[in-house]
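The following pair of complexes shares a single chain, chain A, combined with chain B in the former and chain C in the latter.
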Partner chain A sequence: MGKTTHTVALDAMGGDHGLVAAVRAAAQISLGRQTAVLLVGDRPRIEAELARSRYDAAFVAVHHAPDVVPMEASPKDALDQFPKASILVAARLVADGAADALVSAGNTGASVLACARTFRKLEGVPRTALAAVFPTETRRGEKADPFSLILDVGATLHVDADALVAFAHMGSAYASRISKNPRPRVALLSNGAEPGKGPPEFVEAHRRLSRDPNLEFIGNVEGVDLPRGTADVIVTEGFTGNVVLKMLEGISETVVDVARYAYRSKLAWRLGLFMLRGGIVQLKQLTDWQQYGGAPILGFDRPFIKAHGRSNARALANAIKVAHKAAQSGLCREIENQLSALPGDAR
Partner chain B sequence: MNPVPPFEPPHIYRWDLDKTYLDTDFDSLSGLLRTALQRPADKENIPGSSELLRELRVAAAGNAQIYFISGSPRQMRGVLSEKLRLDGIHFDGFILKDNLNNLLRLRFRAIKEQVGYKLPALLGARIGAPEGSRETLFGDDAERDALVYSLYADLLARRVDVVTLRRVLDQAGVYPDSRDAIEDALGQLPRQDPVQRIIIHLDRKSPPMHFDVYGPRVVPVYNYFQAALTLFQDGRLGAGAVGRIGTALVERYAYTLPMLLRSFQDALRREIVDREAAYRLGAQAVGGGVSGDVVELFAREAAATPPLDPDAPRRVQTVPDYPALLAREQHRHQIEKARRRRISHWL
Partner chain C sequence: MGKTTHTVALDAMGGDHGLVAAVRAAAQISLGRQTAVLLVGDRPRIEAELARSRYDAAFVAVHHAPDVVPMEASPKDALDQFPKASILVAARLVADGAADALVSAGNTGASVLACARTFRKLEGVPRTALAAVFPTETRRGEKADPFSLILDVGATLHVDADALVAFAHMGSAYASRISKNPRPRVALLSNGAEPGKGPPEFVEAHRRLSRDPNLEFIGNVEGVDLPRGTADVIVTEGFTGNVVLKMLEGISETVVDVARYAYRSKLAWRLGLFMLRGGIVQLKQLTDWQQYGGAPILGFDRPFIKAHGRSNARALANAIKVAHKAAQSGLCREIENQLSALPGDAR
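== the complex of A and B ==
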């Protein structure tokens, strides 16, 4: 008998590059013969695009879903109006076991709502969290991973201590399963290293996490510690997390813009940049969001990777790989196990 | 007195060997050397190819002829014949390329060139074929099998004139003696239309649309389960044989039932089999070495497949513009070569 492969459902209609990027990503992944992709969307258009692609038929399937949630639509209204929207159909297929994980580059709110309507929230998870990775100085895990994980980056604006504790465990489980970091260092993002710093819910979360033997909690970290990689998992609430993430993305784009400006401005600078090109390419690769593979939504019983709205085929293919890894590694089960093992005074 | 049964000419199956029957690596020097030195028992089949060939022989109840036509050098005859014997394949003929002669005569172009080798070989073999016999041809997308086989079919049916043929031969750089052999053989053959089907194994995973230009006679397949479905649709194989080939892929090769299912769905999408044929498969493919899971798969997919739209336009067989097609193939070959070089560079 052949080995078991995992199937990732891909919302083929979401994202700025739409169906073409999704089909190409699925086709590319199928050639690796490790992961099967279930393309969910307008069947005739998917079939037409598939016929133009190099793919392996044993690793690509198509499920028809005629409607699409527009990027700017109100999530609730759109899902109510379009019960056959690709994201909703894809989430149902995952919930029913036709696929093991979900990837979408479409409307974030609608995607999360579709998961909330079809997936089960894990026991002990008060709020689901949107996580993201960012590059740091430090390397970690068996693959010398340069990325730290930050959560929540936008699923819920403000949360209580219960949710922050749950986020810490979800992030730790993700880092151990996906980044293969056996004992990830977890920290709360605050305005000072002292345990009493920050809003009351952060102080309370600090108190509970520091008593939790199942977690490598290193206390509070400040903004300056983020790019240094002091912690492998940064826990915060959605409002702060989103601001931090966008700022990190902005800095990386600004560095590239400055380099471009320097290249255009002076011959000497151009020569300097030419000599530094190897390092610049590495830096660009490190800060290239397309290779991160999207942001996982943690807290559901099924893995869901939210890819960037601007994702092209390469970025979506990487998102599928992360989703496959999440399904294969039993990430959701690990989160549930961690949360069920919380000591009484850490709850 | 018993009535004399009407004479039924045998059905002829002509198979390419490398990348169609055998899983051969010609893309690297090490692969080439390995292929040349491999013992018969070490040579690997494309999954399902030997099972399909044996089923074809059984289905025809002895009234089938199987020929191999390969670009491998004649010096390989012993090894290849032994390999086929080990696989339990009884064949009626085996044509190999006289590459030593090409080398001694400094005809380097002829060593790799396929039109000037396969076309005269096919036409020459047809001269001795029983009158009225029909043919199914098997090739792959690594060489120009779709073009050569289609040209062979259209030359026999006199749908392609000598002027066009000569343009193609010029373009392919075919040597004068091979050109003479082609025209001589054509002169001996009456007008006939024996080629029923051309099955192309997508070893390189070329986009299926690439073959649309050859018309519905050419069917690109990703695996021999899809080839079996094509032959079932053509009335050359029974449902049990298709089921046994599917079962063999799961039991003997690295296939799983979901992979088989996706291949089946792809075949339905690309209209390799229609819904009625899928129903018949579900109803008839029972017992005789067919896994119950495979039978269930046929039945389920048949039920889930919408009937064909009677008003939808059907693909019709037309005569391709062979000189233009050959130019396209030559261009594609150059691109493919460059792509492989790029990949090996990065690897």
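== the complex of A and C ==
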């Protein structure tokens, strides 16, 4: 493999589009000669699919792992039952340094558990967090891309102030390294804009974040601010973050349904949609965003990008690029540095 | 006033559109000769405005209350400072039986506090709740209207299982009495569909609601189900409910902004929007819904409908109709009956 490149391990067995999408993504990435991909999964099937693809052999490798964790399986049971599951083998390869970052479109719970069993949690991280990117109204001049990051959207329910402060730093580090946003605006998602709003943990986190010189903390935001893009990094507890993220998904489905209904129903509506196609780009983003990039798990010593289960080859290729950027930019080291720089009482 | 009617006390001083909208709403309602309105506020100004309106004097009365709580005032300070504030006087009139239900478009916190100081909390209600109605995809054949109710969206942060169970009953009673939905589907909003998902309080509430014969409990729903209209009544804690509700508001603003941008920008887009006008009715609901009806506060012995601060006369008239329906249908008694029928360990 190329010497100046980084290698991304790709769980080739996970996701709704399975092995074919994974191999196609790896083949496409290899042709860019920037990133090497280590495909982890059923070797004979991967090689058969590679034989049908155009790819640069110097930037693709295969590691055999015969088993797969089903999308709906209980994470713990599945990993215990299948020690050679592709996600677990891939995580071990990254932990051992055979690759620099991990990507999977498979079972989210099993992926996170595989990381927890093989990666090291960074110094100063009370809880790891699953972050997600969502589209917002474009804010020209403030930031280049119309996206914000929200965390945690994963396994935490209610968390303490330490965890919220760590989430803020992890999200800020991710936005500055990956989205190239040098000074991302960080906010707490609460039930009111005033510093005193929210559970005691939020009030305490607000107090600490307000006096943190290493963050661009803009205070509390409310639900209404999410689609506006008021903040680049939205910090909240996993219970609320998960509900909010899934709601965005539901709304995008509703928009698609309405558009599809309009398209089928009437010639005039079809013409109307055609004429509007420039104007509805922003609405379309709401419907497409799950397909692109992926959700980083933050707080481990290795980067892991969780691609959406529905990811096609294009979405997986995008997730590989993000994972490569995370490895190359030293994201994990940056997070550890930021958290260790916190004064004792601000952690 | 008419003998078979109920009387709704309307805080005439609250809301962005102030006294003029309130008087117009009362005048309009009076012409229907179904509901009497007691306008509570500055008598000379109300009478001057009434003199400019067409109304039925048998269905409108005025009670003088000179003071007003500003929209942004601290509720406690404002009520302490202005004992003759219209919202407090109006709540007292309802508590004393001079009217049967209360409507205000003013300061939400002050309204709830005024109720707490004058109304009685119903037997078996651990926490009162602010509920809100939001639009969903139409589900033909399941329910007539494309709306769901979510509670609590108000002052609670994290609540215990007792409160969640009570919210479920209060929401179900409201949906069956006001939306005429004889068997509303009730769900817990959590971070996963499985019964074990969510904080311990949610898991415990799920257990109790599952075996409750007086509710159509359909289990946990996720954020993705909200716009789909999977459930008629969505039960959650105030922190998450508030974030979710304000997010719906933000998304509707984004849709309006995009449509406005499209409308201004290009003749072809304008034509496109015109042709599409039938097809975007469902999207429009997302943008208009705050204007209609109002948010009930549930758990007191008197009905209170909080109209949106931006309510115009039409929205206030709608809130008056809802308040009248709540009084006429015996909503509060129904809630008390449902909660007192709970077995001791299921409360």
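Operating definition for what follows: the second predicted complex is superposed on the first by the 324 of 347 C-alpha atoms of A that agree within 3 Å, B and C clash if a C-alpha of one lies under 4 Å from a C-alpha of the other, contacts with A are read in each partner's own complex, and residues count from 1 in each chain.
Keep in mind that, in the parts below, contacts are C-beta pairs under 8 Å (C-beta built on N, C-alpha and C of every residue); 3 or more make two chains touch, one makes a residue touch a chain.
No experiment lies behind these values; they were computed from the predicted model shown.
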item	value
Which of chain B and chain C A:V244 touches, first, second, both or neither	second
Partner chain in contact with A:T7 - chain B first, chain C second, else both or neither	first
Chain B versus chain C as contact partner of A:F82, first or second or both or neither	neither
Partner chain(s) touched by A:A58 [first = chain B, second = chain C, both, neither]	first
Partner chain in contact with A:E47 - chain B first, chain C second, else both or neither	first
Of chain C and chain B, partner touching more chain A residues	C
Partner chain in contact with A:A36 - chain B first, chain C second, else both or neither	first
Of all residues in chain B, those that touch chain A in their complex	204-209, 212, 222-223, 226, 250-251, 253-256, 258-263, 265-267, 269-270
Partner chain A, residues of chain C touching it in the complex	137, 157-158, 189-192, 198-199, 222-228, 236, 238-240, 242-251, 253-255, 257-259, 261-262, 265-266, 268-269, 271-276, 278-280, 282-283
Of all residues in chain A, those that touch chain B in their complex	1-5, 7, 31, 36, 47, 50-62
